[in-house]
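There are two complexes below, and they share subunit A, which is joined by subunit B in the first and by subunit C in the second.
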Partner chain A sequence: MTARGSRFAGLGRHLVLGAGAVLMLLPLLWAVRISFLPAEDVFSPQFHLLPSRWIGFENYARALTASPLPRFLLNGVGVCLAIIVCQLLVAIPCAYVLAKARVRGQWLLWLAVLVGLVIPPAALALPLFIMAAQAGLIDTYAGLILPWTISPLGIFLLRQAFSRVPDEIIEAARLDGLGEWEILVRLLVPAVAPAIGALITISLVAHWNDLLWPSVVVTSASKATPPFGVMLFQVQEIGSDYGPLLAGAIMIAAPLLALFILTQRRFLDGMAWLGSK
Partner chain B sequence: MVAPAALLLLLLILVPLALVTATAFTDWHLGGGAAAFVGLETFRELVDDPDFRTAVWNTTRYVAFVVPATTLAGLAAALLIVECRRGQAFYRMVYFLPSVATLAAMAVAWQMLLSPSVGAVPQLLRLVGVAPGNWLQDPETALPTLGLIGIWSEAGFAMLFFLAGLKTAPRELYEAAAIDGCGNFLDRLRHVTLPHLAPITAFVLVFSTIHALRVFDTVAIITRGGPEKATLVALYFIYQEAFSLFRTNLAAAATVLFIVVVLALSLLQLYVVRGGRGR
Partner chain C sequence: MSVLVVRSVSKSFGSVPVLSNIDLDIDEGEIVSLLGPSGCGKSTLLRIIAGLEFADAGAVEIGARDVSRLPPGARNIAMVFQSLALYPHLTGRENIALPLRVRRMSRLQRILSPLRLSASVRTIEREIDDAVDDLAARLAIGEVIDRVPARLSGGQRQRVAIGRALVRDSRLLLLDEPLSSLDAKVRVQARDEIVQIQRSFGVSCVFVTHDQGEALAISDRVAVMLGGGIAQFGTPAEIYRNPASLDVARFVGSPTINCLEGIVDAQGRVHTGGFLFDTRLAEPVGRPVTVAVRPEHVRIGPAREQPGHMLRVVRVEDHGHDGLVHLALGDGGALSLVARSAQAVALRAGDEVPVSIAPEEALYFSPAGMPLGPEPVRIADYARG
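After this line comes the complex of A and B, so read on.
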């Protein structure tokens, strides 16, 4: 291929990819546009691409004050944080044993992990709801958090990562007199940091965005997480007020998007682990 | 060290699994009296239920549309991106962004994008003199429209997996192909790139299928199964039966069937991944 031909091919590639990029961003860009429109512009028969007057962040302020949005966001942060901490505390020691120790009945545990890995979490909503109702956990933070304290995918990923750490290092540490927990915390956890990062990323995306379980277990707005908050918007006053509604939607998606844009490479590496199971 | 994990696996996965399976063989309703074993009666009732049939049919159509389109879009994006000397990271970020964005919130954004009164797409169509439809309210177009949103939100994963696969494509193969006369892009694509990507393609197909089967958020936020049950899909059917209609045993039976389908696909995935590594 001539240099000139390849330059044209390159240009064509960027045109196609650029058009695709606009399509991918279009829903978000349109939402941003509407979130800055004054109320009279939204249904105006005259089409303005840009707002007829600059109202600043008025719609954002309304979304934050006219609905319990700050509460939703705070709930989302708290619930995700609790879920991730629990998952790590449970998964790390378990994965270590599965990777490095020889314990009786270990295969049974591994089988349970594999079963958990292939059961779609959404499919367990019904029995988990029945159990939560029996335990009196409906409409509580515990009800939001407890069912997800175990992450079979997390155990799976961490076990793979621990398996790659050479046994000699662990043997050497044992000879130096370190206990199993010390070896795990001081030696192995830093060694599998990328896998831990992947688990945190995957979990954060899954639980910040989860709509099904919160809509099942939560009944009051004070316990709602952001996606369930979107559902509640529709029956509230804000639902027919498009400017604030979209400002709210943007603020709900923004934390993860910001994190993604700031930590792109690590974030994508984390998500790519989903393909490695 | 394994006690907490073992306990939680038992309590939060195995017990619920057993519970939902057992419920499917009874006449039990949440808040009802004692349960009686009814054998396969609930499954019979389920298969005869018109809503269940609608849900199975809609889910099948949704998957048949979304999965091939997601895979092709992801493949096309990856093939183009990997050839770029500049902007790889940028395109990768933009194309994956929808997969990170909270779908429940983005469903509202899509509603606005397609809304006949304030949407960008209808406004554009009107500019060129085409009368826009009310796609999300029309039983004919509602499900395909949700399908488009599904493709939009899932294609990023397909792209990511294909890109990872392309990065491992051995350079020597391309050089050998060039020497053998596979000079142009299409020849190389057919004889080198696509065969190299075959195992990853199979994986992406199964991965996207499992994801498409779980479509829920857009239905729950935008259409609630309507209009005229045109977007009643598997998980939304289970959700309604379990938590609005309280036909618990019916929801349990549908859940069991749903798990069986996903399980079969996961086994296929395992087989595909193993096959790919063995080659």
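After this line comes the complex of A and C, so read on.
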């Protein structure tokens, strides 16, 4: 009786969870559906759950040929890579000093990081645009990358992680004769690897999907990142042809999805690690 | 020859003085404990010796070289930390090898060594590997040397930490309460291991602990630190039997030494609330004196020549091989004593028992806490003797 009871309870649990998952995935599934619909089905008065005729990957082919989508993807990879590398190069030493050094005026720096953390990026778009314009960075890769090289969130996350490394480990390393840079690179960075992983993930998602800043600073399609490129392409080429549009959207989301599925365990570990701190 | 000399070192954190005028002198191959309650400055002193803190005044000499201004890495010392501080993502082998790699290879060689480019680096790597294997075998951790610290037991971790400290042939090994993270049973075993390892490597040790049993058991000499100064520096026997002050007598010994307040009479004898100590103190009549008696010197049973007192048993603690008897005179608790006795088991709370104390086994202190004696023991002779 209890075995059957628990089986029913298990079934119930899975039904609830499954329904939740489907609900979450519904917009994505809808996008996938539309990306396979021929143009006449999208606006036809009758509702077709499945395409009335199979057009295969025609919408995908159109998305790829009607716009420089591969170029957008390449731009996205390059810009995100540059941003993340710069963020780590800045955040790791900065966080180390904030966590472990005893420097006069350190609290002021920490305060600046916290202030930076609470200001929404959108609020900075205008001043950043003016600065970029004056520096002649409009419609350049540098204009896309430079404003995001210092990440208050990154400094904050890594500072918290470094604070958790016992001082005794650093002292032992000093006794062993290691220099400060070597201590940082060889001992502390591996010790906070989960936090670095989490930072990379957060940063990648934020900048890959960023629409606002590219739309401010980029004017030509050759420098566009994927979401902004797709938007350009919607307005200029396709108009309201939703099939190819959603095919494009799915293709720009796919790399992140694939990355997430491949690194799912590490990603969740990193997030759990952040949550447990 | 002295391996370590600390000369009038003082240190304060902000306006709080932590150490004042510390002098210490440690010989070749000696184990010296810094023993004191928490907050007495013993860890700070160790950190000053290591170079992790700098003294405000005074000097530290290691092997006849003034190292006061040198960074920790340049002092040729090794340290085992309270938490052991093993590098968590490196294996035992890599942990032990790291100090050797730092010494034998340049920074560039260390960075490039995984590429296995140059023959000379490969030779150095092989030598380091051999040295680590050798040491691991001597420490009996050869089997587990390639595991990361998380997969080692407490005792194995400790041996890896000691290995990392010993591998560079330092003449001075500093240990900061390395046993406090172990449970009681492993602790005694680990303590014996440290002594054995220390003897077989012949390295001098400074061992910080707040556990007096530990300090007395393993040390050649103990520096008792109270309130930021060294209250007494001597052999364990000397510290236990001839404490330099009432504070030392109270701090060392478990349970705490019994203290009785008394007055000196015309013959130099001391009268306390219940006992007369028939001694010959060279003190003026009427002078207040504190008499301190170790629990093992409080005798239960009919006295032979001393006039015994009838005291009431308040509580008995049976420790197996012997026991502690808590005694009191009268109901108000005007006088209370703790006795260590093999007959403790036979006693019950409420019993009245005769108690005596031999005057020559008691210690006498002035109101300022300085030792008094009919025939003062010369501590310096005792220590060297």
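The definition used in the following text is that the second predicted complex is superposed on the first by the 237 of 277 C-alpha atoms of A that agree within 3 Å, B and C clash if a C-alpha of one lies under 4 Å from a C-alpha of the other, contacts with A are read in each partner's own complex, and residues count from 1 in each chain.
FYI, contacts are C-beta pairs under 8 Å (C-beta built on N, C-alpha and C of every residue); 3 or more make two chains touch, one makes a residue touch a chain.
Quantities reported herein were computed from a predicted structural model and do not represent experimental measurements.
Participant: Judging by the criteria at the top, classify the pair subunit B and subunit C on subunit A as clash or fit.
Facilitator: Aligned on subunit A, subunit C fits beside subunit B.
Participant: Determine, under the contact definition given at the top, whether A:119 touches first (subunit B), second (subunit C), both, or neither.
Facilitator: Touch status of A:119: first partner only.
Participant: Determine, under the contact definition given at the top, whether A:182 touches first (subunit B), second (subunit C), both, or neither.
Facilitator: second
Participant: Can you tell me whether subunit B or subunit C touches more residues on subunit A?
Facilitator: Ranking subunit B and subunit C by residues of subunit A touched puts B first.
Participant: After superposition on the shared chain, which partner residues are touched by A:264: those of subunit B (first), subunit C (second), both, or neither?
Facilitator: It touches subunit B, and subunit C stays clear.
Participant: Just to be sure I read the superposition right, which of the two partners does A:191 touch: subunit B = first, subunit C = second, or both, or neither?
Facilitator: The second partner, subunit C, only.
Participant: Touching A:174, do we find subunit B (first), subunit C (second), both, or neither?
Facilitator: Touch status of A:174: second partner only.
Participant: Considering only the touch criterion stated at the top, classify A:64 as touching first (subunit B), second (subunit C), both, or neither.
Facilitator: A:64 sits against neither subunit B nor subunit C.
Participant: Draw lines from the C-alpha centre of subunit A to the C-alpha centres of subunit B and subunit C: what angle do they form, to the nearest 10°?
Facilitator: 100
Participant: Now for A:55: first (subunit B), second (subunit C), both, or neither, which partner does it touch?
Facilitator: A:55 contacts neither subunit B nor subunit C.
Participant: Now for A:166: first (subunit B), second (subunit C), both, or neither, which partner does it touch?
Facilitator: Touch status of A:166: second partner only.
Participant: Between subunit B and subunit C, what is the shortest CA distance in the superposition, whole Å?
Facilitator: It is 19 Å, taken between the nearest C-alpha atoms.
Participant: For subunit A, which residues belong to both interfaces, subunit B and subunit C?
Facilitator: In subunit A, nothing is touched by subunit B and also by subunit C.
Participant: Quick one: which bits of subunit A touch subunit C in the complex? Just the residue numbers, please.
Facilitator: Listed in rising order, the residues are 166, 168-169, 171-179, 182, 187, 190-191.
Participant: What residues on subunit B touch subunit A, complex-wise?
Facilitator: Its residues touching subunit A are 1-2, 4-6, 8-10, 12-17, 19-20, 23, 30, 77, 80-81, 83-85, 87, 89, 91-110, 112-113, 117-120, 123, 152, 157, 160-161, 164, 183-185, 203, 207, 210, 213-214, 216-217, 220-221, 235, 238-239, 242-243, 248, 251-252, 255, 258-259, 262-263, 266-267.
Participant: Tell me, which parts of subunit A touch subunit B in their complex?
Facilitator: 1, 9-10, 13-14, 16-17, 20-21, 24-28, 30-31, 34, 42-43, 47, 89-91, 93-94, 96-98, 101, 103, 109, 112-113, 115-120, 122-131, 133, 146-147, 149-150, 152, 155, 180, 205, 208-209, 211-212, 215-216, 226-228, 230-231, 233-234, 242, 245-246, 248-250, 252-253, 256-257, 260-261, 264-265, 267-268, 271-272, 274-275
Participant: In the complex, go through subunit C and note every residue touching subunit A.
Facilitator: 50-52, 71-74, 77-79, 81-83, 85-89, 98-99, 102-103, 107, 110, 164
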